[in-house]
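Consider the two complexes below, in which chain A is the common component and chain B and chain C are the respective partners.
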Partner chain A sequence: MLSSIFSTLFSMKFLITIVRLATPIVFAAIGTFIAAQSGIGNIAIESIMTFAALAGVLGSYLSGSPWIGVLTGMAIGVVTVMLIAFFSMKLGANAFLIMIALNTFADSVAIFVMFLMTGEKGTTASLTTPILGSWDIPIIKDIPFIGEVFSGQLTLTYICWLIVILLFIFIYKTPTGMRLRACGLNPDAARTAGINVERLQVLSLVLSGIFAALGGVYLSLNYLKIYSRGMVSGQGWMGVSANGIAAGNYWILILSAIIFAVFRAVSIIFSSNSALPTDLVNAIPYIAVFVILTAVSIINYYRVKRGKVEEQ
Partner chain B sequence: MKKLLTVLLAALMLFALVGCGKKEETPADTTPADDGVTKVAVLIPHRGDQSYFDTIAGAADEVNAADNNITVDVFECDPSGEKAEANWMNWFDNVCEDHAYDLVVCGNGDYEDFLYKACEKYPDQLFFNYDYDYVPETGIPANCYSVKCNTAELGYLIGSLSASVTKTGTVGVVVGMDSQSMNQFISGYCQVLTDNDVKYVISYPGSFSDTALGKEVTADMISKGADVIWQVAGGLGNGVIDACSEHDDVWCIGVDQDQYLQFKDTNPDWANTILTSALKNTGVCLKSVIEMMGNGTFDQKLGKAEMWGIALNGVGIAENDFYMAHTDEATRAKLNEVLASVVNGQVKVIDCLTDWNADEYAANWPALRDGNRVE
Partner chain C sequence: MTENRSSKYSKRYKLSISNPKLFDAIKMIIAILIALAITFVILCLISKDPVNALKTILIGPLTKRRYIGAVIESFISFAFAGLAAGVLFKAGGFNMGAEGIYIITGALVAYIASSPFTTSPILHPILCYIGAMILGGLLMIIPSFLKAKFGTNEMVVSLMSNSIYAAVTAYIVRTYIATQQRGGVSSKDYLPTARIGYLYEPLRISACFILLMVVMVILYLVMNKTKLGYQMRLAGTNPKFAEYSGVSAFKLSITTAIIAGVLCGMGSTTQLLTQTSYYTPAQSLVGIGFSGMLLSMLGKNNPIGIVIAAFLIKYLEQGAAVLYFVDGAVPSEIVSIVEGIVIMLISSQYFLRRLRERQLLKEGLEEHAE
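Now for the complex of A and B:
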């Protein structure tokens, strides 16, 4: 029994599962990260993913093109973050409260809109939705091991990893990216240096909304072919947690997102196994979040104590 | 000026009160016995859930559409699903007060408390509970009949079908949560598969909504050789269907309602992987009870709680065209034998929810579950 688990853990199939499961979490993670870099803690990722997942399906259904669906989802993501920006920056409301409100009503609003459009409250299965497919990379797909992992994945997975690289270049290698980070590190100093802090914060929020929206659209328009109520199921929160673990380090962020996907995949393998109680198995990804966050805080505590890094 | 306004407002309020009073005093014109029309009120939270409540509402619509002296009014009492007692009691008051209905129908564990309270409040009114969760300590009220679809027998049926359809000798089931009431679905399933020496995979993803998890869990099962996969997992089941649809030689079995019909027009890829569906025929129960009202046998049922299994058509499988086209004569004949043997009592289906209390469940369930399970 245990040997069967181990053989699964080191199989190709397991690796591919991780790639599939990691995409939405990575999207959510970079969405949180870019906002955090400019000094805004965007915890509305879960709700943006929900809205975008539904909007993507509706856009795709109404236009007949899945790419229009993706754009619709992204547009809804931008609209949501602009709402947050408007209420918090213009009207001075507490941004966290607005985001909590969004997260609280996201599922219900999605169900309401779905009911208006389809007359159903469970899924959008009554709409024939064109969806994005997967992509076979011409030459790579014939290479034995690499081909199986790197080729034939879903389209948005490739876009995800492309964005991961581009975002790194943007944040760390371009002047705008550096100014954006300056806003997060010390807004007053940035303002003194002549940087328009609000504008850069809005920019980073917009990017954050787009990335989160892509994560949602991936779930409904690429991974599955319908919106099903509650389908985001905490994957946005995993992205937010990954950002918490990374503490500003981009590659640790990506790594933590992948680790969450790994634990999700592990819980899948154990879910059909009587070795552990199922309640415990289902909690594995969340226990992982807890354990890793605790470990990271302890490590940071000792690093600060030894004077290796300054307290943030 | 201000005083005048106050007086006017007071007068208006008084008027409104009188108006209300008047409306309530008006006696109902159609007392049930008068016109020979049987009137039934069905109280559900809302339509449009694509399964449970739509089944009941759909049965009501069918009865209405048929040429008979029966009208069924469906009331959508709780669109937002708040389960607030005041709201529900208000709805029961509305339908019971004038005795305008011969029968008031409600059900489901979430709402049956309100139903039983209404039974007490309106002792002259007849009630029907189409899906009870438990029998109250004082017993079922004398003016109510409660039924429940026997999902253990349903699982036995699906297990038998899976056993005869599988080519790999391994089948699978995805169950939303690991609980005694969810396991009722699969206690008969495990029993029959172990008896037939067919291997099975059980997966508990621990969610009813996480479609991504559903898809991956199913992909894992398929890689273990399962080629007939039953889903009992609500919205997560959509992920199960999607995973099955990616493999030509894997069948999915739906749940609650005929999921082939649900997806046939809009999502043919999915429909064409759904061999059949495990039906909880709450609609059939409703129709049968309305029939009993007509022929006068309903009175004998009052004060009782009964399980409607295969014999009473409370559970069954969807025998649509697709099922007929993709199963052979031998499979169907075999399944009919199973049906007969359950109905005539040759086979005793184990029901982990009603046969066992919590302690017996804890002691006996793991052995039944792990009978021929592969991991």
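Now for the complex of A and C:
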């Protein structure tokens, strides 16, 4: 049995599964990261992904074009973050409470809308939805090993990695990105320097909503072709934890998102192995997040204690 | 304000929205009215007879005695989850482990309830309660401890532990206490001695109802009249100030976590022993812990408010269920939309603030003129 486990772990299928599973988590992670950079802890990622996943399917079904579906999902993502911004900035509500409420309602609201559209409460399988396909890259696809991993992946995966690179340039190399980071580091100082802090925070929230929404749309329009109840299943929270582990370091953020995807891939591949208890195998990704997040914070605690790094 | 002045103006203060408590009440009522108005608009879109639909949601549960009995029976364990979240939120904690603790303590309750530990119909439920309360209290400590000691993100850790506990519970039930009768996804039937009977059958009032009332009063007194309650409020509103005035954040978060865990244990036991005759991990207790957080927001972390909110939400859910029975076009999830709008509006500090400020200004001017 051990040999079969090893042969699965080093197979091409496993690598491809990781790439596929990494996309929504990376989207969630960069969504949390951009908001955190401007000083807002966006913990509503999970709910935005849920709303966008459903909106994507409905938009695609009603218009007949998957790209309209993607745009619908993004629009819903923006609406959701604007709702958060409105209640927390204009009406003085505790943003955390608003986001917790959103997360708790997301599933019921999605079920409500789904029931109105399909008459079912489980999945949107009864709607025939046009979905996004995958891309073959002309020359690369003929190279033996690289071609299999890098070519033929799903469309939004390519968009995801493009956004990862563009976002890095935006945050670290452009004046707006620098100002945005200044808002997160010290809003008062930024305000004194003539930066419109609120406007930049709203900008980063909108970007955060768009990224999270793309993660959700990926799940329902690209990875699968339906929205099903509870399909986000903690992937938004994995993005939030990746941001917690990264502590402001962009590449560690991406790396931790990929590590979480590896654990999800392990769990998915082993859940088909009947020799292992399925219930426990399903929990592997959550155990991984729990253990890694705890370990990182314990290490940080002792580093601060020994005086190696300053407390943040 | 001196004693004399307050008594002089007390009569007028009571009747005006410048009184903060009255203002909160008015805010709540207006929030509910707005939510109902939005619900009505939604009903107009999806139902053929929106007026009747809204009426059914609002007074449907009163039409039959068993409907209101169902509300009374089912709101208790929700209220416990709300109280647990209220205790944690009040002290400024964001531990969201209630959901997982409900589910995993359910497995222990099902095990005790289906095993012949005792033949006494009084002792058996008590054993279930004690087991669930101890397990709940212990497990709830973990995220709060990690947060207080190492600064781990307790929200993420507790959410992950929810998923882990759900998986562990499914495994335990399937492997150790399942019955093949139902395909191994649920536990054996509880013994008759473990089930909790009614004290007043027509309205389905059981001893659990009394337990909830006692717990509510105790929590209210603890939160408002004791040192612990004061420390909780202090840490919740201004953690830095609490730390500097000598409140141990570590001790406080562990204490509140234990209280919350024990409350979750009570809630899950109540739910299982009154509402079910066997335990299905994927069904019996799912979602109660999360609803608790919403209840604590609705009740503003006040134990009495939380219990009232739990009753009202269950009442509305029952109303929506009655409506679904009559008119299949309206799914019962419509209640969560009402709930969501009310929560967002009442947690907004500036909602209706201008109205209140105007009133305060007017009163100030009048006072000045006198």
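Just so we're on the same page, the second predicted complex is superposed on the first by the 297 of 312 C-alpha atoms of A that agree within 3 Å, B and C clash if a C-alpha of one lies under 4 Å from a C-alpha of the other, contacts with A are read in each partner's own complex, and residues count from 1 in each chain.
Throughout what follows, a contact is a pair of C-beta atoms (placed from the backbone, for glycine too) under 8 Å apart; a residue touches a chain by one contact, two chains touch by 3 or more.
Not measured: the values here are computed from a predicted model.
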{"item": "Clash or fit (per the criteria above) of chain B with chain C on chain A", "value": "clash"}
{"item": "First, second, both or neither for A:V240, with chain B first and chain C second", "value": "second"}
{"item": "Which superposed partner A:Y286 touches (first chain B, second chain C, both, neither)", "value": "second"}
{"item": "First (chain B), second (chain C), both or neither touched by A:M12", "value": "neither"}
{"item": "First, second, both or neither for A:L127, with chain B first and chain C second", "value": "first"}
{"item": "Partner chain in contact with A:S297 - chain B first, chain C second, else both or neither", "value": "second"}
{"item": "Partner chain in contact with A:I100 - chain B first, chain C second, else both or neither", "value": "second"}
{"item": "Chain B versus chain C as contact partner of A:F115, first or second or both or neither", "value": "both"}
{"item": "Partner chain(s) touched by A:L185 [first = chain B, second = chain C, both, neither]", "value": "neither"}
{"item": "182-190, 218-226, 236-244 or 254-262: stretch of chain C that collides with chain B", "value": "182-190"}
{"item": "Contacts on chain A seen with chain B and repeated with chain C across the two complexes", "value": "108, 115, 121, 233-234, 279, 282-283"}
{"item": "Residues on chain C engaged by chain A in the complex (per definition of touch)", "value": "46, 94, 96, 146, 149-153, 155-157, 159-161, 163-164, 166-168, 170-171, 174-175, 290-291, 293-294, 297, 331, 333-334, 336-337, 339-340, 343-344, 347-351, 353"}
{"item": "Complex contact set, residues of chain A against chain C", "value": "43, 87, 90-94, 96-98, 100-102, 104-105, 108-109, 111-112, 115-116, 121, 233-234, 237, 240-241, 244, 277, 279-280, 282-283, 286-287, 289-290, 293-294, 297-298, 300-301"}
{"item": "Touching residues on chain B, where the partner in the complex is chain A", "value": "46, 48-51, 80, 172, 178, 201-213, 215-217, 219-221, 223-224, 235, 238-239, 242, 262-263, 265-267, 269-270, 366, 369-370, 373, 375"}
{"item": "Chain B partner contacts - residues on chain A that touch it in the complex", "value": "1, 4-5, 8, 13, 17, 20-21, 24, 108, 115, 119-123, 125-128, 219, 223-226, 228-231, 233-235, 264-265, 268-269, 271-275, 278-279, 281-283"}
